[in-house]
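Presented sequentially are two complexes of chain A, the first with chain B as partner and the second with chain C.
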Partner chain A sequence: MSFNVQSFIEALRSAFKYAPVTLELTVITFLVSLVLGTVIATVRHYRIPVISQILGVFVTVYMGLPMMVALILYNLLFMTFYNDFATALNISTPISEINPIYIGFFALILGQSCSLSEAVRGAFRGIEKIQYEAGYSIGLSKIKTLYRIIFPQMVPILLPGMQNSLIGLLKASNLVSAIAVTEIMTGALLPSLLYYSYLESYVAAALVYWIIGIGIEVLAHFAEKRSGQYLRRINSD
Partner chain B sequence: MIELTGVKKAFGKQEVLKDVSIKVNDGEVVVILGPSGSGKTTFLRCINFLERAEQGKMVFGDKILDLKHVKKRDILYVRRHSAFVFQNYGLFAHKTALQNVMEGLTQVQKMNKAEARKIAEDALSWVGLLDKKDFYPAQLSGGQQQRVGIARAVALKPDVILFDEPTSALDPELVGETLEVIKKVAKMGITMVVVTHEMSFAEDVADRVIFMDGGVVVEEGKPGEIFYKPKEERTRQFLSRIIPQDAYVI
Partner chain C sequence: MGSYFSAERFINVFPKIISCISVNFHIVLWSMLLGTILAIFVAILRLKEIPVVKQILGVYISFMRGTPLLVQMMIAFYGIPLVLGNVFMNLFGINLNRVEPVVFVEIAIVLNEGAFLGEIFRGAITAVPALQTEAGYSIGMTGAQTFFRIVLPQAFKVALPHYGVDFVGVFQNTSLVFTLGVVDVLGKAKTLGAATGHTLEGYLAATLIYISFSLLLKGVFLFIEKNMKNGSAPAI
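Right after this comes the complex of A and B.
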């Protein structure tokens, strides 16, 4: 079996066509998880009673659940219970018309929020206590100190890890193909269903992932350079 | 006027403050002296609630507060009418000198940016650092950072400024420039409570000196009295160790 350029180009075209699905899964999941993860980390950092313990146990337990297991589990739960749920709430949309991507989002966001919350907790530890005290001493409230003083200083600490999780997420996003969502990899494989050109399809998929991955790295590098400005000692004069 | 009475505080089993009371009149400069571990820094931090006392009362302006059961609103009130100068400067690391001074003006006192910038620039030029206004703390020397810290405190026009060993973290050659600025603040007539080890500075600027040891006020009085005619044996001991010429005499 030789490498068929024609099939490769066709696979590449198909992969690109589904790239927005992957991007959507990656970017939206990342942004929502960043917010949720920050909330979880903040609650745990301030040791807010009860909620913080519950979240602590939840994160620990949930981090042990492989993404694939979570995805298929949620999908099965959804398929088993949707009809009862829909009748109870008078929802008339049949199950076949609901895009399985939402289940993908649900599973990815839960997992990602947990791991990002740990990263944010780590960043909290990188901020000196005196930064809080300085905020309080000039009369800022707790919340204002948090978002005016603490969060901005966490950004440069978080960025290298964020780049890592974003790329991890990009790769994890192809797991949602397991619940019948077509994304880059399954998109690239579509032509091979007709021509048996699997090698060409997988190379095409890899190429598209690479391009996006490199894009993320370039962006992260740029962001890192900008956000850490104040950490540099040497000045222009 | 600020008056604290019966302040008690313990860290675990370690009693740091055992019933401390002081009164600071408007415009007065009070210097608190004492060996390390005497509780003087903790006491200062209790005034603006960076540390919570377990017992005690505070009269702050026209407010009377129970230090233990104080409301959030009252804590903010005290913090918004006082300023704190930290031993380790405590500048916001991600903000330039100018932004450090502006932060409280725009975010707490709700000034518009132009007005806040004007005041912040004046404050920085007053401490001799206008040319460094766009520098980040990491680009400034310790003495310069501390002067920005003082500018930040003064710009807020607080009723009282609390200084927590403002020169203890500085290289010896940078202590002078910082003390000069603090003396300038004292001359403005702002009420000040200063925890320090700088004896000659205390003698120069203090209206009253309080000597603390072991979590209690041992003695207080005019600098001349405390330094040259201490009543308590403990004060005399401490001074003889700190003031160099005495050490040679013995």
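Right after this comes the complex of A and C.
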């Protein structure tokens, strides 16, 4: 038993073929949860009664739930209740034709929204009250002040953390392999089902993840440089 | 709906599952203990900036950050017996293929934490102002004395909130070990589900256990943070 280069290359090829699935899971989840997380954080920042308390408790409790447990639980709930649900709503698609990736999306988005909402809440604290007042003073409405003045200023505060959460999400998307979605890791394992070359497959999967991770780091580095530009401009004036 | 979930089965299954939390805590405590020691070395070596070591540590941290823990666990599980199997067989007479999978899980988490905690510690050490080091030198302390008596206690305080978050993260990550056949909380829920045919109660019990213990751990760390003065004067 030794490291077989041939099966390693084959696993690598297979892993790259399924990389779009992982990328799709990562990017779509990230964008949706960024929006949801911002909404949650805004509601909690303005202390809208009842909703903000409910969201506060939900976020705190949900952050205590590991992604793996959440995924398996949702998968099970889906399997158990889908048929009742479908007959109640007259949906004729059988359960076998529904891609389990949607359960993955659901679990990832819910978990990521909670952690991003905490990050956005932190960014809210980094913006001075004067900025809101400046918006109101020139007659902008509350919502316009938010997305024209406050949110753009939050970007440079959020970016360093975003890089970490994006890489974290890339790694978390690996867990959907537990509910039978074929992504990079399971993709890399496909050839090993024939040759029992598990180590080669896992090393190949690690390599592909690593490459994507480095890609994210490079992109984030550029974004960070660009987003800080207006700050430098103000300071140099 | 009644046929899917019954409170009776839930009460029946709950003690059996919660008794497996000891497996999770065994993993968490051992890997945090060894991981912290490894991380201190990683942090110090990174700060020293020794030419070749620096690059190696850079690659190590980048790998640990960029790949999922599950993949790292699998590589440890399949890779270590393959690479070190013969050495261990000849030197110590241990057959690595017979070693419990939980050991490989712990090795993977220790290596992973070495990188993550190493970065946390490095950040914390650099966060201590250089003035403090100079203060140590000015009263005639040696480099090591200054580091251990003045810089490290202050760095500890900076690192503690991050350390707490990381600790809870490791506890949550132990939910992955069932994929290697370790019977932890989630693994027990799965086996009980397979044995009885009623999976929902077991998984709900596991969910409850994970949430409550995570919140508990978080609370403990908040408490420590609040109560740790660590030599600093009270704010007036």
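Basically, the second predicted complex is superposed on the first by the 232 of 237 C-alpha atoms of A that agree within 3 Å, B and C clash if a C-alpha of one lies under 4 Å from a C-alpha of the other, contacts with A are read in each partner's own complex, and residues count from 1 in each chain.
Note that in this section contacts are C-beta pairs under 8 Å (C-beta built on N, C-alpha and C of every residue); 3 or more make two chains touch, one makes a residue touch a chain.
Just so it is clear, the model here is predicted, and its values are computed rather than measured.
If you put the two complexes together on chain A, you find that chain B and chain C both fit without a clash. When the shared chain is aligned, chain B comes close enough to touch A:Y136, but chain C does not. Using the contact criterion defined above for the overlaid structures, shared-chain residue A:T80 touches chain C, although it does not reach chain B. Applying the stated contact rule after C-alpha superposition, one finds that A:R148 touches chain B and leaves chain C untouched. In the superposed model, A:S2 makes contact with chain C only, not with chain B. In the superposed model, A:G213 makes contact with chain C only, not with chain B.
Which of chain B and chain C touches more residues of chain A: that partner is C. Once both structures are overlaid on their shared chain A, chain B and chain C have a minimum Cα-Cα separation of 23 Å. Within the complex, the chain C residues that touch chain A are 1, 4, 62-63, 65-72, 74-75, 78-79, 82, 168, 172-173, 175-176, 179, 186, 199-200, 203-204, 206-207, 210-215, 218.
On the side of chain A, the complex with chain B involves touching residues 130-131, 133-141, 144, 148-149, 152-153, 229-235. Remark: chain B residues 48-50, 76, 79-80, 82-84, 86, 88, 90-96, 103-104, 107-108, 135-139, 152, 156 touch chain A in the complex. Chain A meets chain C in the complex at residues 1-3, 60-61, 63-70, 72-73, 76-77, 80-81, 84, 167, 170-172, 174-175, 177-178, 185, 198-199, 202-203, 205-206, 209-210, 212-214, 217.
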